[in-house]
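In what follows, a single structure is set out as structure tokens and then discussed.
Lettered A, B, C and D in written order, each chain numbered from 1.
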Amino acid sequence: MHYPSTLTQIPRDLVSLSDYERYAKRHLSGAIYDYISGGGADEVTLKRNRKILDQYFIQPRVLQDVTKGTTATRLLGESFRHPILLAPVAFQKIAHPDGELATAAAASLLEAGMVVSTLASESIENIAQTLKSPKWFQLYFQQSKAFTLELIKRAEAAGYTALIVTVDAPLHGIRNRAQRAGFQLPKGIEAVNLRDRPPLPEAILDPNESIVFQGMMTEAPTWNEIEWLIKNTQLPIILKGVLHPADALRAKDMGVSGIVVSNHGGRVLDCVPTAIEMLPVIRSHAGDDFLLLMDGAIERGTDVFKAIALGADAVMVGRPQIYALAVAGSLGVAHMLRIIREELEVTMALAGTSNVSDIRQAILWQGGFQRL
Amino acid sequence: MHYPSTLTQIPRDLVSLSDYERYAKRHLSGAIYDYISGGGADEVTLKRNRKILDQYFIQPRVLQDVTKGTTATRLLGESFRHPILLAPVAFQKIAHPDGELATAAAASLLEAGMVVSTLASESIENIAQTLKSPKWFQLYFQQSKAFTLELIKRAEAAGYTALIVTVDAPLHGIRNRAQRAGFQLPKGIEAVNLRDRPPLPEAILDPNESIVFQGMMTEAPTWNEIEWLIKNTQLPIILKGVLHPADALRAKDMGVSGIVVSNHGGRVLDCVPTAIEMLPVIRSHAGDDFLLLMDGAIERGTDVFKAIALGADAVMVGRPQIYALAVAGSLGVAHMLRIIREELEVTMALAGTSNVSDIRQAILWQGGFQRL
Amino acid sequence: MHYPSTLTQIPRDLVSLSDYERYAKRHLSGAIYDYISGGGADEVTLKRNRKILDQYFIQPRVLQDVTKGTTATRLLGESFRHPILLAPVAFQKIAHPDGELATAAAASLLEAGMVVSTLASESIENIAQTLKSPKWFQLYFQQSKAFTLELIKRAEAAGYTALIVTVDAPLHGIRNRAQRAGFQLPKGIEAVNLRDRPPLPEAILDPNESIVFQGMMTEAPTWNEIEWLIKNTQLPIILKGVLHPADALRAKDMGVSGIVVSNHGGRVLDCVPTAIEMLPVIRSHAGDDFLLLMDGAIERGTDVFKAIALGADAVMVGRPQIYALAVAGSLGVAHMLRIIREELEVTMALAGTSNVSDIRQAILWQGGFQRL
Amino acid sequence: MHYPSTLTQIPRDLVSLSDYERYAKRHLSGAIYDYISGGGADEVTLKRNRKILDQYFIQPRVLQDVTKGTTATRLLGESFRHPILLAPVAFQKIAHPDGELATAAAASLLEAGMVVSTLASESIENIAQTLKSPKWFQLYFQQSKAFTLELIKRAEAAGYTALIVTVDAPLHGIRNRAQRAGFQLPKGIEAVNLRDRPPLPEAILDPNESIVFQGMMTEAPTWNEIEWLIKNTQLPIILKGVLHPADALRAKDMGVSGIVVSNHGGRVLDCVPTAIEMLPVIRSHAGDDFLLLMDGAIERGTDVFKAIALGADAVMVGRPQIYALAVAGSLGVAHMLRIIREELEVTMALAGTSNVSDIRQAILWQGGFQRL
């Protein structure tokens, strides 16, 4: 069995999300740790995701009355206790035998929205049953439209209330760290929701053709597939992995309900801009009402605050959930969520902001110290 | 007993304030050292406090006559031998059995103003008796107004001449370093001046309420309390921990006598701007006559010079006093003060400035080398 | 014999060009490794070549149809499968006994253009016979014009289709790293194509003269020699090592067909600008049609993409070919070329660009995050 | 005896000025090494002196005819073979028993101007006799004007042709590194030229007075002393240690012949600007004809080139001469001078500049890559 033992109580020195990363190294095999924590190529983007967040500074305010303060917010008409969602993370059983069910239990406890991956290692129906907080389904387009539709119908039936379509990973990133570590999905873990997927047609390339352009990219969705999707579901659609204002506008015009400004945690193409830097640009193009989520290196309440101040409606947390899961199962994920939620409250209080819209008006300063 | 031995003479290689930090590691237990030296969360602000100071450069002037030079200055009508005060630092007995009394003796010797904390581990009356140089009292608002008033009256009676009201720490920072080290106040050390404080009412939160907003922040002072305070004391009032020009202006308009531009040594909210960066912004809003103190990472005569050139009337020194106290008691604090005062004189001489107002006119250059 | 053993199959953790550098350390003697990897003086430029590339960010686009995508391009009327050429690298037998022939075989397999150095350790005729992809000849002017002409005629006869004249190395750089390591060309390796070169006249300097100005630089070509060259060959001429727009314009006006924007891999003069920074400046002066190649620290598909987006028509790869050669001979070079070509395709696909001209229009962002 | 053995031939891996620093660590005792290499306080300025130089980039030019190239230049009417002088460095016998005489012999061989310190450990007459290249005398004002005049008259008589008056060190810097190492001048080494200096009057300070302002600074020269000096010598006067344009202008207006833009190698006041950054500012105020020397971290031919391109007429080299002296005596200093001179020639050749005035017109680029 590949699981090292899991903690059943939280040690004293586990007080922040980065502590979970530190602990996770001991609770995961090297190759699995490298797969989870790693990014594309030289990890320039992965490192910048974190580094750039530390170059924004929050303007505190003193002596404000915040006793009516709340983190509650609404996204696409649904109520959320706080603006911190669990990002879709595939194959959670690689971190813990209870996988997505443990995560869903923790999310329910901490009233966090959870986005369930197409590549979950547990059936999306089982997860939905455990999950009491808002549940959204992350869709990877399948080559067969019929099968894609089947997935959507299952998600609708199971009570998922939004579809997040991931559009920034039509092919695997060049994940050199995971490759060097020889990462392979452990035996017995699989994308259970794709079991009935029809087999792919065999691709034969001629010598002038490219395995990328004429191979993998022939299965990738285009804007046409998004149009088709809008016609084929009642659920609101969110595109995940948009970094260009023009792409955001096109999505909005087409009837998409929102986007996740994201570089997929630096896991696909290296050397792309960070979501936090693109956020204000995209917000200023997309207008105040278009839903903007953001993810990438969110680890602190101050990070959540900064992302919202720069234009996000809410953020998603990726790797920390899987580290916490590996370290202490459902307990870990719940504790992790509590830490970051409380950090956000402390930040709001000290910045004199009583709610999410106040944060949107808050002042940040940047490294070079221009006012934003 | 938790005190390692204290030096009774100064070793040859202890020649700067940072040397005291180096030595202090050997004279303090790990957890206490982490509590003192640490900051909030990832210590982004703590590190920037120091780093940014090193990115300002002082323009030297040659061949000036400075034989009439002096560091003497007046703050709120009181005479100070030099513009370097001891910042309020709680529980000084964690560093040395003589605690605040040793510090006060050293301050007297070096003619340094001292700000005594509400959380002193010695009675404010005893400290006042030892302290021959200017004495100010740092006030933390207590939930009971009556008890707050009692503290103020004691301070007035003991001869303190100003009240510094700390407004940037209505709740504990998220001090992960101290938490990880398992810091606890050693037995026998306590906030002796708060012994008679009435017990806090029990707080019961309903599930939708937040321990931050509806819990801790209900005890935090607001601008109303500052108005109340102005009416209830004759002492001049200084707000400590202001970083926003609008807050500075509001304080000034209300009748507050000055502010300390400070981020509390990076100990409360992480990722806030540094005092040194906000100083010129605040000075330009607050006008030339409003008292501005500054603290945060002041360790060198050149730091003092820079802070004044950027708009401060005087600076305060926090951690170095407690390091010096741990290393060599009263002797250490006195030596530490002498070092930084002489460094300031040398800096003034080489910059061709004869007094504090000359420094205010001095030219600084910044990293990227724009003239300020 | 100075060759450590060569790999005959590619290990699992050799998945990027920088991995070849890592492996090459084990397959090369220390002094040879230092000679190859090292640069001039303090290697400020060498390090910046790499560092600056990581400060440009590629704007991805989503949901584009790239199924017609191709890397194919035309340079000086000739077809290239992809815009990645092998830069001229002298004395390839120092890395592998098969030297330039192994490289040529790999280039043929991966359909990469190869530029053969005047200082090849194999005859240019033999190399030309092996090489099935585009072949260009890199010319170092010889002091004897007659002998220079002889080289050109041989290159023409052997089927080389362009002359790259290197103009940035009229004298050896100050290669301190190689000097400190005591690098010497191993016995038996020589510039075989220069065997018949007439002996140099003996130089006698008077005490006021300089070994640089009145010594070595008397053999260096000037613009006059370029004019002479244009008259004496039918082949298109490309100047390698141009970094100043005025020099580029002068070359263009004179009838030169293109330039390589390059600092010779940081191997000659230290502290010069990087090619990637000068590229857009030179492109904007030289106009859209003038051929611009670029080299220096190209290691990733994203690097190729960036260089083209900043104005290059194609790039050249220097050190990685020699590392790959040392590690696994012809197999290594072929594998190395396949990696970078596929990385380029992945980058193009994720940036929504279908061909080289699309890349030229692509958006990059810079460190400080101004749009270029 | 405190001298470790000296090399009598130059090892293969000693090929740059920084190599001399590396070797010098083995040829000097720790405290002496710390005294020489160290700077003021936290060495912020010392480190920046070096770092900032690496942030300027030289624009190379190709295919220029530089066969008439020369480094020769004229300063104050005197001919110099090259624009690299030996900065005044006190007490050279701490590095080598032959002290200043060895340095003077090397300077003669390499035709380098040498500035002899008031604090030389050898008589200025003996040094003058050995020194065949341009000789200037560095003057520290003495408290007694009569004795100062005596020094000047001796310098005139011995054939020194200019006076460099150091004005940036009226008091010792706060040299914490040397203090921590417990540096003391070794027995037997002294400022032999000051042996006849009249004893200083005893200073008695009252408690309100400062040891800096009312103590040491009472001995410091002011502009009045410079006026007096101009009247009392025929030699041209250069002020060393000027960093402010207004001070440069005042000097020029008063009849001073030039200045050394310098921060004394970061040895006096820490946190002052670098000479290289102030150079262009001062040049633009002082006009094209006023003599500007520059020193601080000059170690490479490219550094010399940059300083001249930014406005200097010539540069001075401080620490490297003393490292070279320690490593290999006169041979070392001569070798060190040859290295940097040849590096300058190589740089000039590759930048297409034939003489010092060409360098003054050369183009530099800066880190952030604005054209200067």
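Here is the rule we go by: a residue touches a chain if its C-beta (ideal position, glycine included) is under 8 Å from a C-beta of that chain, and two chains touch if they have at least 3 such contacts.
Note that the structure is a prediction, hence the values are computed from the model and not measured.
Novice: Since chain B and chain D are copies that touch, just let me know if over half of their interface numbering is common to both, same, or not, different.
Specialist: different
Novice: Based only on mean CA positions, could you tell me how far chain B sits from chain D in angstrom?
Specialist: 42
Novice: Report the inter-chain centroid distance for chain A and chain D in whole angstrom, where each centroid is the mean of the CA atoms.
Specialist: Taking the mean C-alpha position of each chain, the two centres sit 59 Å apart.
Novice: Note the residues in chain C that touch 2 or more other chains, in rising order.
Specialist: 368
Novice: Pairwise, which chains touch?
Specialist: Result of the pairwise touch check is A-B, A-C, B-D, C-D.
Novice: Report the residues of chain C in contact with chain A in the complex, numbered from low to high.
Specialist: It comes out as residues 12-13, 15-16, 18-19, 54, 56-71, 300-302, 306, 342-343, 345-351, 354, 363, 365, 368-369.
Novice: Give the list of chain A residues in touch with chain C in this complex.
Specialist: 41-42, 44-45, 167-168, 170-171, 174, 176, 179-182, 210-214, 216-218, 220-223, 225-226, 239, 241-244, 247, 263, 268-273, 277, 368
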